[in-house]
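Labels run A, B, C and D following the written order; every chain starts at residue 1.
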């Protein structure tokens, strides 16, 4: 449509707290104009993966696509930073849709719901080894896991905490979740499991008074949980935009071949 | 349909070479009648996983469903052996469909095609470390892998050789292949990759005269290969029958929680 | 020597807080007589490995040999429980000498010294990934380890936390320490190192205000450390007594062949 | 002593078959003079680790110290190549003494003895999974290991085949051997064991007619073995010379911190 010039794309900019990110935000707003995130067609995130996760969480309900440009130390989810040509890049970008996880964590008699894009993780919060029962789709699979903790990662999150905990990297379209123990003590050599994406994972914290455990959906933490349920949040969809030459699928694939 | 009694199911029986398997075959043929595999509606395989793989390979083109009963040492793909009630079990069985891999292996100027249900594997056939270039979908990923070999496993095969080579177990419906190095020497700590099911994996054997490599599709081996291509044989479909209480999907899931 | 009857061995008994352990203590004191630990030639510890570690720590300076009998859930360091024949078993027992580790942990401007029989471990105490510099004998080896933590284990402790963190089991006489990362995030695939027993390992916590870390010598924990030094406490020696048929060296060896 | 000029050191030179190595040999012989290996005080090996192993094997009985200079692709055991100042470097070099392994391999009724500096390895030589019984010091530890093979590595060899097979790197002075399975299929997750240096490891090949196995001491291979014994060859000692700034102990230590 001729009436719609490429400069008409309504952009909002969000930036990490670093000097470089703030300066870039000011310059880009000057250059491309800016609307509030609520009115934006696309949100441009300036910083590292931390900022991207934060931005995704913040605008979750609006489903506004997000185009990230890397001005941080880790930029797995980000495109390269370049000031010129932004509108064209965004118009030509490849869309990647991520489905996050929903965590329902019970501590005391309260239930807390939180969304995780990377992973839901449980970690002991005292010197005491955690003891956790793990059920999948209502069936008990590990009745008493002695460990530091456990996590459930999405394919997008499989290169993050999951990888550190010795879990496998999953291609984006895998239709799988990685269930990975964090330093399993018993069963001694349990390496975790890959589960169909629509699985429901239920962790029950055993002996939770003596052995307190905290649960986290990405960086939101709930202390002293007694039960944690993890399911696909298939009602939510996150859209990230990537330059065609560096899309996330390719990045995750490449990550598997990194030395 | 009243005219069709349950005893009318046309069965063929195949057995491993062990005493127990042959005796069972004779007794079951007596009890249920038997037709030739070419005329059978269902083939009943008596033995272990080795016999099952053999039978699947043998009747690949006919697509006849196969019901295995375990009379071997490893019976991952087999149901429990019980002589009575076989017809009813087969009628109530759950169907599991497996897509095999197609290997095209070149040695000298000849191309050999073979089908693999579990995995295509390459292994050095001399004292010399193998050197293999690995490309995925036409893109070079590991230009010079020093190793004993490498393999590509289906989900069904992920609990077999792949597991021994430290690869991950894949749920049946994963839509993935496991590419797993066999004792990688360089890059030193490469653990392999999970690939979308429709990937084309291409192995090129470097320095193949000094460093000979054999390739195998399950147990069919081709010596002195110079190039091996692995793709989904999506034109072929294998149907296995399982008692509902012990289907293969559940077995593979369970295997991930085995101590 | 006729004057020294076997019943003359001066024993002290210590017990875990469980019913079973206390009851056994009472019965054994009745049967064999008991002196205070300060006067004992041998201390008999009744419980599991937790109690044994506690007892070893408690009577460290006295160097009194300890004979453990298993009345707990984990009894790696314990002999089988049997009430009769205790004096003879102790007289015939094989001595195993363990050298512990000395941890010097600095938090703020204070230094805390503690002894570890199993391991010195560092673990992040917030959601923030820990960043730790690791130097060996004054030489920087990993300048910036992103991780959940790290540990240094003795051979005796190599089957404990070290094993959960994917470190190798070390035979008792190995003359080695295991330096094992806990969920290393960068360098991504660092698996740890085996170090000569007399190495000095120095951990410096980077960015410690934002990324707090706690250090523990076995179960004694120091919060908010900025620096942790680990050396052999070769001035201390712990003596454990084992029935000849089940000595610790054999147990650790056997543990390596456990399924 | 004035009478003994530095040029008086009797050197022999051996070279790999590459152009570069031969040319270096000719130039160095010209520069430093050369005697036959039998008359040499020090043998200078020019090439990569392959040549070094070959040279060590060849002059095993003479115990002549060997100084290697790297002109190959892998030079773990080699010093840097530099033509000038060789005599002074050799005089100042640090001596590292290695104890090799002795393999006694039985095939048919014959016994073959061979020495291994890096490792003794067993590998299946057909498509059939190997089945091997593993005994340590006369005690059966793994009665039936289903695998591609197994190996016993010295500390010096721990960074070679052992590392590829997922075994741990051992410091030179460790006093240990690494027993490492090659793709263990059953017991499924057996990761191997670290054994005291003076252990005797005995492999018995089960079902050896159907499942042939070859054994190798470094690169010397014996086909169709039925039994393989591995012990310390403590009667033999190999002396390698290293520039002080790059000695082997430091290299192996460093290797453990390589990314």
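Definition applied: a residue touches a chain if its C-beta (ideal position, glycine included) is under 8 Å from a C-beta of that chain, and two chains touch if they have at least 3 such contacts.
The structure displayed is predicted, hence computed values, not measured ones.
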Neighbouring chains common to subunit A and subunit D, by label: B, C
Type of subunit A:subunit B copy interface by residue overlap (half), same or different: same
Gap in Å, rounded to a whole number, between the CA centres of subunit D and subunit B: 38
Centre distance in Å when subunit B and subunit C are each reduced to the mean of their C-alpha atoms: 47
Junction residues of subunit B, two or more chains touched: 188-189, 191, 259
Residue ranges of subunit B touching subunit D (in the complex, touch as defined): 123, 127, 147-148, 160-161, 163-166, 182-185, 188, 216, 219, 221, 258
Of all residues in subunit C, those that touch subunit D in their complex: 136, 141-142, 168-171, 173-176, 187-196, 253, 256-257, 259
